[in-house]
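These notes open a run of structures that come right after.
Presented sequentially are two complexes of subunit A, the first with subunit B as partner and the second with subunit C.
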Partner chain A sequence: MTMIRRFLKLMGAGGQASSRKAKGGAVDRHAPLSTSLERNLADLKRIFTEAPDLVIRTFPYKQTGRRAALAYLNGLSDKNSINNNILHELMQVDEEEGTPGILPVSIGKVETCTSWTQLEYAVLNGQSLLLIDGADRVFALATQGWPQRAIADSQIEASLKGAHQAFVETSESNIALIRRLLGTSELKIKEMIVGNRVPCKVSIMYMEDLTEPEFISTMSQRIAKLDTDCILNTGELAEMLEDQPFSLLPQLITTERPDTAASQILQGRICVVVDRSSSVLIAPVNFVAFFHGIDDYSTRWPIASFMRLLRFFACFVAIFLPGIYIACISFNYEVIPLDLILSIGQFRAAVPFPPFIEALIMEITLEMLREAGVRLPAPVAQTVGIVGGIVIGQAAVQAGIVSNLMVVVVASTAVASFIIPNYDMAAAIRLMRFPIMIMASLFGIIGIISCFMVLLARLISLRSLGESYGVPIAPLRIRDWKDVFLRLPLWTMVKRPSSVRSLQKRRMGSSEHGGEEG
Partner chain B sequence: MRRALSLLLAAALLTTISGCRDRVDLENVTLMLMMGLDLDENNKLVIYASSPVFSKEAKEKNEVTQVNAETLRDSRGKLEARVSALISTGKLQNILVGKKLLQHPGWIKLLDLFYRDSKTRINARLIAVDGPVGEIMYFAPANKRRLSLHIAKLVDTANERNLVEKATLFEFNRQLLERGKMPIITGLRKTKREVVADESILLDNSGMYVGSLDLEENEILQILQDDQISDLSLTFLLPEQGANKDKALNLGALSCYVVDVKRKVRTGYSDGRFRFDLDFRLPIRLTERLFSFDVQKDTAQLEKQIDKQLQAQMKAVVDKLQKHAVDPIGLGLFARAYRYRDWKKVQDQWGEAFKNADIRIRVRTEIIDMGEIR
Partner chain C sequence: MSIDRWNPASKQNSITTLQFILTIHSMQLGVAALSMPGDLARISGTDGWIALFFGWMFSSAASLIIVQIMKAYPSGTIIELMAHFFGKWTGKLTALLFGVYMSIFAYLILDRMALLIQSWIMQQSKTYILMLLFFVPAYTIVIGGVRAIGRYCEIVVLLSLWMLGAMLFLLKEGNWLHLLPVLKEGWMPVIRTINTTIISFLGFESVFFLYPHLDNKKNASWGVLAANTYTLLIYLFLTLICFLVYSPDQISEYNEALLTVVKIIEFRFMERFDIIMLACYLLVISKTWVPALYFGAFSVKRLLIVGKPKRYAWLFLAVMFAITYVWDPDWNESQNAMKWFSRLGLAVAYVMPVLLWGVLSILLRFKRWQT
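What follows is the complex of A and B.
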């Protein structure tokens, strides 16, 4: 690991982001603002050269009679509120009407900026700048209004009975969606800025009276340490925050669902909302959490438990089935029932490739089909699915490229991998079966077992935000098993999972017990 | 850094190795499903091998080969020189042994290979063949599936109905080593049209052929052994109801299921002879009654008639076994358990001691069900 890291550093990737070059001529961004409107506007124009979408409107400020200017980026700002609530008020309100010293605008949030850095950030964030001749400060008015998508159902994490609101690309809306679900003042938000070139607002959300403070400090330390150009996506952030970035398994959950995020926060975890991204990060998480869906809690518990067991079984199938097929055909055919072995023998006799190559052909074809389906528009993707299904299912067998049973194996593997609710985990599991197929073709069942042991060891040794990934299986927390492989009735889960180390253990009956239990 | 480098190197080397040496893809295997052992006219050992052919181009779905060889292992090379791929006994179903070989002393030593080689299927059925083994090996009836599988199924189902005894290699070895019980295996013969499994072959403790039991005798033996597998169906001709073997239609016949066998064995020893009292209580269920009889009223009377028949049949079987000096019932186990000192003296000649033993049988049947009609 260390070797690869050093290598990356040499290549200049993992190390320092390229140092910032001064842009826009000689404007010193840390210098104080001038009191002259002309000079300030000139500086502003020098910062935003080649920016036709920057609108600067100069007008007489009626309250004081001085000249003033309003600057905003066209498209990022809401023109209605600029016209009606700012320009109209400023140009119309007379000296007698307005209170001296108070800005006569009907806008909720007004910040004062004293440096060019703040100004630049404010403009790029959709705020409007009000520059007044003779003043040494500039007002940034909250007029954000960029193109935004409506709140809709999540595509990737669809749910049958859960809420049908998913996060959008604005952190304010996303925070609001979580706040709607967790309407308590204990829900705290810690804001941080990531990105040297393009700053991005990152908000850490947690319950102050529940969440272990160590999580918050670790997370904010890690975020503060980030030294990167820009973060466009939660996935990028997750990759930089992970404990073991070289591991195949995801160590943080990214979700698009406010209800999932809220339920995790309620258990004592923290949630990181990244501006401009439609998913949020949950940390710390354990392996089994990737197999839980929000529907588990809205369906009745026997059904939810069955679904969970099905998912874990599917995980096993998706990882090991092709490997087991190869091992059984190449080494340990004694374990196959006789009648099956005779029919397999007939199918296999028509196939010219060894089982490993046969499996590889099918698996790669399947992966290609899947990827093709994702990229294409829905109607075309359907066609690809049908063509692929016919080509794989029938033609390949008839042409003698693969055997019938291989098609069954690959198809059930594919279905199994789609059952896993978390996309990142499903993708990791899909990738994992290739090394297992190689080991199975070299060493048979022994190879599979050794892979299994390596996998288990890895699961146990992994960490997520410094917490162990294998919990509650290893280290063992029997009490938490109510909500691991099974989902027992909610009234049995009186306490929060101990593996999250929440400050208040009890989540039910707290009125009798005073809510505190150490 | 160095550790990572060495790990990487190890991983790179891993891809170059060929894997385990025992790797054989299924299509490169000739799965031997049935094996035949026999002596030919010159009293030389012949090994037959029957295995499925997977290729679509082959007209026949089964290939059968025969070679002369000194031992089973010796035969493998010779067989592999003839069959389409590498011979494997991992799915061996049946081992057919000719009666001629069964009468040859020391034949069981040939089986050593099966027990020594961990890849051989130890659950393969050991079957004795009345007549030349080759006839069955090359027999390919058009209305049956692969003969190797047909025989396996035939033996299994016949055994399930208590018609023949069945011994796997594993079970056979146990019986062979057990002093107090003699081995008994399935007997197979070929008629013109089909293969028939209607005999059980009695062997002594050195595996030598001593005699055979037919279907009815084997059913009685199952009762004696208290080892019935599922419903055991018996048919009696009751002379009290006018049964007569010579008639074309025997209307004095009665059939019943033996629902359960409750056996009590008392072991004694006097005057240098073992004495066994076998008490049987058999709940039975009438399935067929060709004569008219008021079963509800005269139950005891009918039970008595059945008892008499059954007791006679059992006595006949025991007499036959005693005549051959073989004990597949396992009475030696009782002798060892209850009369250890006396057993110790005769343990190596249990067959002889069994022959001289005084065996008394008492049967009491109990009709628990007479069917849907009176």
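What follows is the complex of A and C.
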């Protein structure tokens, strides 16, 4: 009985409201601050108990002669600017030098906080708090300076000719990277906070004169509705914002590249920058956008078009090739000419497994090798690749576990799935081929067609931020096809893709036509 | 948050003119195309293709009349229209009629599709198992409403264009002399064939349900014309290819002349191209019965009012499965049922619109009804 009662009690205490109260001791976070420095410092210490990295420095404020204190978290703040631009000025500048009523600190951003919630958030974000005796407000000085990675090339979205800067883990830097590319005041940023326990700043970026206002309102509504402890990663946010979370296909693009983000914003899409995460979200997107890379626009158009066609072909191969092979070998062998089936039969004679098991063994081995390669440090990963390659390529065939042709099929499938530029889509496609292999082994070519119909049906009914996912294929927007399967010369793309519903249709030749048309 | 995807009046469910055209066309082109060249040849020899033009004329006329009828009440389907002009119970009766008609339409074609698979590819599988394979996509599309159907038709038409191209390979086997002399036995055999061709254009009665969804209603008239014409062109193309390749006597020996003719195409790496073609043609057939299934379920939902669309979609699929499980029609039974159904089709798609149009145009002359 007591166990159950305790369990129920725990369940009851699971809510966030109570967890909040439990953390801060007796301090009421919404109460106004006291005017006494001692009481405020005591409250601050009570909020940050067991926090040895909280530094509180009390000193006389020279301008007014009152006592003041500066509080900051050691690792999150920039000590140089605290020492030189705050402490030094506050302790040295006297009444004659400074202007009365104005803080004599040489720091760009100074906010005033009036409640403990604001104070807590500010300190945890690396700001320094300046508490002055007798004042009912506290100044939060922008002294952020946490350990940060240098801006480097993107690892998962490598590009040959695009920019070699990728996002880092600070939203200020990421926003700056996008702003550098889109230097116009039309680029607007809407800030929101997500997370009850650990607040995280989320910024929605868009072009005010391009982006359909509905997208922005839908996105901010969805973000505002989120009721979660904490978001550590863009992927988490994407999963909670998706229209159909049970679908295999990704419905939002996450990218590490500022140039990709900028080009999407320019088309009228919105971009969501999440603090502490090195990738940003793009929405709304359609299926074909996952097959476009930023290099498409920096190479010449015939080459870019060829690459695109290659990617779509690779997508088809990666999804269907193992299934088609299984169907042809085990079910619809009448499709294969006699000579060919005899030679395939020769290879297959030594193999004890049915084609489906054979394919499954190979596919799973390959997936394991790939995963092993990701986890291991680069030099070891190479060894794994070589060992795996030999095991798959030679030994397995000689040992009679799999047939020669199966190796060819699995290898081409693997190569095909590497071509797809977006990691999320490539992963979805990798997973998709297993059900298709099962259906192919049960129903042959009809099973594959049935799976294909399911795919089509999903493709047309999925939505991304309320917009149709299959656009511009179904619903058909033939004018957008200049930039779908092919990449026609840039000067033919006078208008923005109509599938994004941007407010200004024209992106070229606007000066000839007397300004942008609506 | 969730939108009623089955509400014809909602702007969220509107379809473009192209989707309108292709959905009508999709419902017309289905299993009939496979056997049509043989059927035509059996009645009127190689002149059968001329009769297609008559079929096209009749179907275009009937679909234009349907558009005229629907103009009287543009925001609702035929069920709301009947309820509006003739009272609630007539509306219910119409819902019942179309519910039955469309459900039989969907069932017969789905069953025929399963039979085709069974006789050409998977002889040892049960029909109901084969039907089951297509339930998941059908369910996904049906609950998406007309918009999903329009998009599905769009994408499938795009994806099946290559098949027409592949048929062009057959032209080099063709002999144009097979068509000569034109009208060798006069007009009579051609006129006797019209009945068959009229039936093969069935499916345009979907305008009764599609019209309220069309976003630009001005395009409805030329839209139905375009749909009928596109169907005619494809029928003509397929029939002529069969007539050119086969001799006039040989062609009447085959049940599915269109599939047998594809057998001729062969590559060094691929035999039996007809199996690939049939498998891909299943997509084309699926876009015939999936809309019909939706219209059937929609009508029954209008009749019963209660319940969610999802439940109706499941219920319909389950009933179809159960019928096949119990009855399991063989090829001949399916053929007979189709023949019987085509008479119903003639009544619903040709006779009813004409009568209804007559009644409505008289009614609308009186002020009282002009609302």
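We adopt the following convention: the second predicted complex is superposed on the first by the 491 of 518 C-alpha atoms of A that agree within 3 Å, B and C clash if a C-alpha of one lies under 4 Å from a C-alpha of the other, contacts with A are read in each partner's own complex, and residues count from 1 in each chain.
Note that in this section contacts are C-beta pairs under 8 Å (C-beta built on N, C-alpha and C of every residue); 3 or more make two chains touch, one makes a residue touch a chain.
Everything numeric here is computed off the predicted structure, so don't read it as measured data.
**Student:** One more residue to check, A:Leu459. First (subunit B), second (subunit C), both or neither?
**Tutor:** second
**Student:** For A:Leu342 in the superposed arrangement: first (subunit B), second (subunit C), both or neither?
**Tutor:** A:Leu342: touches subunit B, not subunit C.
**Student:** Regarding the shared-chain residue A:Pro354, is it in contact with subunit B (first), subunit C (second), both, or neither?
**Tutor:** first
**Student:** Using the superposition on chain A described above, determine whether A:Ile473 touches subunit B (first), subunit C (second), both, or neither.
**Tutor:** After superposing on A, A:Ile473 lies in contact with subunit C but is clear of subunit B.
**Student:** Quick check for you: in the superposed arrangement, does A:Met192 touch first (subunit B), second (subunit C), both or neither?
**Tutor:** Touch partners of A:Met192: none, neither subunit B nor subunit C.
**Student:** For A:Phe443, is the partner it touches subunit B (first), subunit C (second), both, or none of the two (neither)?
**Tutor:** In the superposition, A:Phe443 touches subunit B and subunit C alike.
**Student:** May I ask you to decide whether A:Glu334 touches subunit B, subunit C, both, or neither, giving the answer as first, second, both or neither?
**Tutor:** It touches subunit B and subunit C both.
**Student:** Same subunit A residues contacting subunit B and subunit C, which ones?
**Tutor:** Shared contact residues on subunit A: 334, 338, 443-444, 446.
**Student:** Which stretch or stretches of subunit C touch subunit A in the complex?
**Tutor:** Where subunit C meets subunit A, its residues are 16, 18-19, 117, 121-122, 125, 130, 133-134, 136-138, 140-141, 144, 148, 150-152, 154-156, 158-159, 268-272, 275-276, 279-280, 282-283, 286.
**Student:** Show which residues of subunit A lie in contact with subunit B when the two form their complex.
**Tutor:** 1-4, 6, 329-331, 333-334, 338-339, 341-342, 344-346, 348-351, 354-355, 438, 441-444, 446
**Student:** Spell out the residues on subunit B that touch subunit A in their complex, using ranges where they run on.
**Tutor:** By the definition above, subunit B touches subunit A via 1, 4-5, 14-15, 17-20, 22-27, 29, 31, 33, 52, 54-56, 90-91, 93, 119, 121, 149.
**Student:** Which bits of subunit A are touching subunit C when the two form their complex?
**Tutor:** For this pair, the touching residues of subunit A are 332, 334-338, 340, 443-450, 452-454, 456-461, 468, 470, 473-476.
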